[in-house]
Amino acid sequence: MNNKNIKKFFINNAVPIMFIVLSILAIPLAGLSGEYLIQEMMTRLARYLFLVLSLLIPIIAGMGLNFGIVLGAMAGQIGLIFVTDWSVVGLSGMTLAIIISMPIAIILGWIAGVALNHAKGREMVTSYILGFFINGVYQLVVLYGMGRIIPISSNTMLLPRGYGIRNAVDLENIRGCLDKLIPLKIGNVNIPLATFLLVGVLCVFIIWFRKTKLGQDMRAVGQDMEVAANAGIPVERTRVLSIVISTVLACIGQIIFLQNIGTMNTYNSHEQIGMFSIAALLVGGASVAKASIPNAFIGIILFHIMFVVSPRAGKTLVGDAQIGEYFRVFISYGIIALALVLHAWRIYKEKERARMMFREANSSVSSESEKG
Amino acid sequence: MRRWLIRLGIVVGFIVICFLLYSFGKQYEIFVDNKTVTISETTYEAKYAAVYNIDDSEETEIKLKKRKKSYVVGPNHVFVLKYVDENGKDVEIKKEFNLSTDRESLIVNIPVLIEGGSEWLIDK
Amino acid sequence: MEKIKIFIEKAGWPRIIIGLFLLALFITAPFVNVNVFTSISDVLVRFGMWGILVLAMVPMVQTGCGLNFGIPLGIIAGLLGAVTSIEMNVTGLSGLFVAMGIAIPIAVILGWGYGLLLNRVKGGEMTIALYVGFSSVAFMSMMWLLLPYKSQDMIWAYGGQGLRTTISVENYWFHSLNDIGAFNIGDHFYFPTGMIIFFAIMCLLIWALFRTKTGTAMTAVGSNPEYARASGVNINKMRTISVIISTVLGAVGIIVYEQSFGFIQLYLGPFWMGFPAVAGILLGGASVHKATILNVIIGTFLFQGILTMTPSVINNIIQTDMSETIRIIVSNGLILYALTRTIKAKSAKVKA
Amino acid sequence: MASDDILLRMEGIKKDFFGNKVLTDVNLTLKKGHILGLVGENGAGKSTLMKILFGLNVIHDTGGYEGKIYFDGKDVKFMSPFEALDAGIGMVHQEFMLIPGFDASENIMLNRELVNNNFLMEVFGDRMSTLDKKKMKERAYKAIDRIGVSLSPSTLVSEMPVGHKQFTEIAREIDRESTKLLVLDEPTAVLTETEAEVMLKAAKKLAAEGLAIIFISHRLKEIMQICDDIVVLRDGHLVKEAPVEETNPDLITEWMVGKDIKKSGSQEEEKDKNIKDNVVFTVDNLWVDMPGEHVKDVSFEVYEGEIFGIGGLAGQGKLGIANGIMGLYPAGGIVSFEEEYMPLNDPLSVLKKGITFVSEDRRDVGLLLEEPIDWNIAFTVMQTQEKYLKRLLGGFIKWRDDKAIRKLAQEYIDLLEIKCTGPHQLAKELSGGNQQKVCLAKAFATTPKLLFVSEPTRGIDVGAKKLVLDTLKKYNMQYGTTIIIASSELEELRSISDRIAIVAEGKIAGILPPTASRVEFGALMIEA
């Protein structure tokens, strides 16, 4: 009995365990100091937590991994471009960026939600492509519209040709404004306390949200759309709302992410966000249908240990840091592929099991009838 | 109805917050010049090396014929200038000023300030 | 009026809009000092380069496996063939065929494994294909660093490890297919006869495949898997065959692409190769579960036409290079349109 | 006009689907606190009647109904199920409408959750209120208690036995304070005997509290046990409305299936056909896992050249038999054809033995809707017997012979009078009857030794029905093909079959000659 439980635990947590083992093997190879690693983890937790947590609500609503959080990221970046142009700095700059990008995020989230309602059963691939499509629109606006149709006063932000935002926008003005708001240093490790507090607020919000009527409706819709609709729950609207909330949270998440980094690659910063956040969540033991706040924490730590360590470990192993870079790309995509396959496989297995139960029930019937 | 009023209130509140954030978070570039300048046909000659600070920040030394750059955030500021006059006496000039958001970068002309001219702070 | 309506319904709005757009580009071209003949010949060359990669979508769509976002898997097989043929120092047309000869068995093995995987995830093929493609590209990136290739033309000249990111085929089989029977008309028009004929042969082979017993069964599996099963067809086997053929076409397609392009792009190069191919076939009028050779030809021509013409013409008109942005919006817009239009996923109906 | 204790009165209800009459002038009344047993064969109009009562969209989309419904003294016409629910009609469906990951209380209160208000509601709307789980559990407990069963409100539905799921459904309906009428559609079909016992007791208890119940069941024993009145429907007519004390199961069965109509006699003449003495096909202890048509334990034998009918009510498993044997659904047991054991779950080898199946599910299994007629007809025979193929390169390539396929299709189009523009027309463009003919052509093209036909006349018009049946009969006479035909329409089976097996609850209840009376058949179909 106990043995069975242990086995079940290992199967259910195969991915995190695999990563722990990999990390234990790779850390000594990389030869990085413990203090350095802890500092890195603190930074990266602060950087990514908000983004990863923004994935949770669509999972509750049964819409899978929302690759569409890049839409929110783009909205956030537009907000940052404006505050940088207006040279509004510090915490007020960041807050202003959040407020002005929020309507954009809501509109984009709405579009995404409606599109996904038209693609039930293949939400993930659709949200992924949607990210690319909106990226094109974003480029159109930022690269060709800004400085022409949308006024941008600061010449330093514009390309030499006079319109379009440069590839890199310096966010010096808001760099670390949240992370360093409440300075805290333990040993030699800086802890971005204010960011963590904000993440804490989000966690409380998510926990609270699950207990709301809307949260309950999302759970119902996520498990069985037909039953939910029969009970009078507006299924389509509920699904749209889950995507809108996720997009808005991702928008805030991207702004927090960029205030930590301090520079924005106008045309690239958002692109990989979806993939990295999703990979991190999955590494933490989440699946397409089930994810929790601890999954996000554990996932970011494990995934980013791999991230920090693999180039150095690669160098020690084969004398080339490049291989470690490719290794982490491989891990990011591979883990998503694995999670998706496991999810599909599990559904298949469950069907199989239901059938086996039926068969057993029947064999008992027929054996009874033989006796009689 | 009540709900819509509350919602309207919140939207209005957000817009107000936006303006507040904008005015209190806006950053201005301030150039401090210690050069001889001519403003409205009056010529102010730069005579002294000086030390200044804005809003209790670190004191900055500015020599003759030099320009320094500082940043300030928000509308209200205090400019403090210290120098030693020809009599060897320490002089301290303290000026309060506030900025409206339509200004981007400004110049403080130390000679004008020392002479007591009114246009010591001008747009660049 | 009624006829126009029927035509629009048959062709579909995206195809008509893009077709008219392309036509407009060709008409405007002479007015903005773009040579129409050069443009047409550019379109033809790119058409030949992409044709087989787009064709690779057909088998999988026909058996209900959806759009093959996993085409990078086939491309990898092709790349392995290409670099191995250079390593063996075979030049000219024979080098090209050596490359294909090596690539095809690899593609068959990869495709077989990929097919087995997709059979276990019916209904979720497209999302999984996407990530299988991506992770295999990343995995091969590590391999390019580690594989013991020695040819001076392929490894970094100075230090460094592994193969270069781009390898020139100039000295091996550059244009070896394009130039068979190729001819010029005037100074500006070049017709890559060999490549076009090769593409035509491939189309013929796929067309012939769907005329055989197996091909008929494959179509039935895509059209209604339950019907096919009730008629004694092994659905999984048919799906696997289609995935293998798709992967092999991907491998052959990339080699043809490279001989015309002149370079082999390794590492993250194959990452985004799937999207133009998918967009191409969708533009040709294919849906997520039905595609024909005609869709391939029309779609490749229109899509590559747009990609060739917009940089030259639009740039000359508005003095701005918007081609990349237009490419992103058009190709992803098309895929998005296809994904959100057909609500009923055929493959989801398959009872495992 | 309604007296005080009458809750529901339906007057002169008429309904047709595209000219096809399904309900003719049905009247019924139900008093408060009474249990009304509604019985009838499949297609008698029970479910249509309930759909009308509930205001389902299907009814409005097909032109509404005639007649009047008085509920609780008011003249009502529900336009959607939600209106019916609001008015106080609760329905427990045959398939459970429950969220598996929710516990009993959450399901009982689904979309009617008890909530606490907070400020965010003012901003983002009512759905920001928080659930009061404790109160919900209390309410759920009360509802469950009213039924009189022991079930914890905190049990997850996914972990419940079937019976408890049923009780959760009922609890949800009665928890609605307004609920005055409860419709139970075959509530005991999926329950074990003890669970069914509890279920019946619960129904009685609820009725005693003043709730009116409409109880739909095939188990007459249960009807006799708990109902106050009984209403029998047959072919859309209300045949009988009587207090239960004045009836007995035999009487009810007779009402349901009707008096025997004298046979046309022509059947006797045809009896000179060539049924041989040898058993060609045997089935032993067959089980089939086909959703909605589970086969539990079926054994029978079929003689060569025979037309063997399989009848029974919907959902009892008669359709599962053919689907299981043909390998379309997982099956087990021993099946042998021509004294050879047949592997199950392997469609190809069954087909290769010369056994063919015309599926009841034309659209999803029977046809390639998006392909032309000639493909549809030739595909099976091409795949299983390698006909209509040209061998090229020494047989290495099996090239499809489109010309031969077209010729074959044309032959069957002429033979079966399929109305179409030609062999190239797409199957989806044909009418139901013609689609069915294409399915038959597909089967005939394989020149089967044994032919399974399921519901051959479902959803097709009268003329086509006769043609389809005649074709089958002719085919059987001409080629001596053994045919096993499953149908819900007893008359159809009696007109064509040599013997008829009746399937009930996944087992063969009995085998009768077609000359047996309707009452005899009825008794086998309905558990008395």
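A, B, C and D are the chain letters, set down in written order, and residue numbers restart from 1 in every chain.
Throughout what follows, a residue touches a chain if its C-beta (ideal position, glycine included) is under 8 Å from a C-beta of that chain, and two chains touch if they have at least 3 such contacts.
Model, not experiment: these values are computed from the prediction.
Asker: When contacts are scored as defined above, which chain pair ends up with more C-beta pairs, B-D or A-D?
Answerer: A-D
Asker: Which integer distance in Å separates the CA centroid of subunit B from that of subunit D?
Answerer: Distance between chain centres: 85 Å.
Asker: Can you check how far apart subunit C and subunit D are, centre to centre, with Cα atoms defining each centre and the answer in Å?
Answerer: From the centre of subunit C to the centre of subunit D is 48 Å.
Asker: Need the CA-centroid distance for the pair subunit A / subunit C, whole Å please.
Answerer: Result: the chain centres lie 31 Å from each other.
Asker: Subunit C: which residues touch two or more other chains?
Answerer: none
Asker: Which residues does subunit A have that touch at least 2 chains other than itself?
Answerer: none
Asker: Quick check: what residues of subunit B touch more than one other chain, meaning two or more?
Answerer: In subunit B, no residue touches at least two other chains, as defined above.
Asker: Which two-chain combinations qualify as touching?
Answerer: Result of the pairwise touch check is A-B, A-C, A-D, B-D, C-D.
Asker: Touching subunit C in the complex: which residues of subunit A?
Answerer: Going by the criterion above, the answer is residues 115, 118-122, 124-126, 128-130, 132-133, 135-137, 139-140, 143-144, 318-320, 322-323, 326-327, 329-330, 332-334, 336-337, 340-341, 343-345, 348, 351-352.
Asker: Over in the complex, which subunit D residues touch subunit A? Could you list them?
Answerer: Interface residues on the subunit D side: 81-82, 97-102, 106, 110-111, 113, 115, 126-131, 133, 285, 287, 289, 294, 296-297, 330, 332-333.
Asker: Quick one: in the complex, what on subunit A touches subunit D?
Answerer: Going by the criterion above, the answer is residues 208, 211-214, 216-217, 219-220, 223-224, 226-228, 230-233, 355, 358-359, 362-363, 365-366, 369-370.
Asker: Which residues of subunit D touch subunit C once you look at their complex with the stated criterion?
Answerer: 326, 328, 347-348, 350-352, 357, 359, 361, 364-371, 375, 379-380, 382-384, 386, 389, 397-400, 402
Asker: If you look only at subunit C, which of its residues touch subunit D in the complex?
Answerer: That would be residues 211-217, 219-220, 223-224, 226-227, 229-234, 290, 349 of subunit C.
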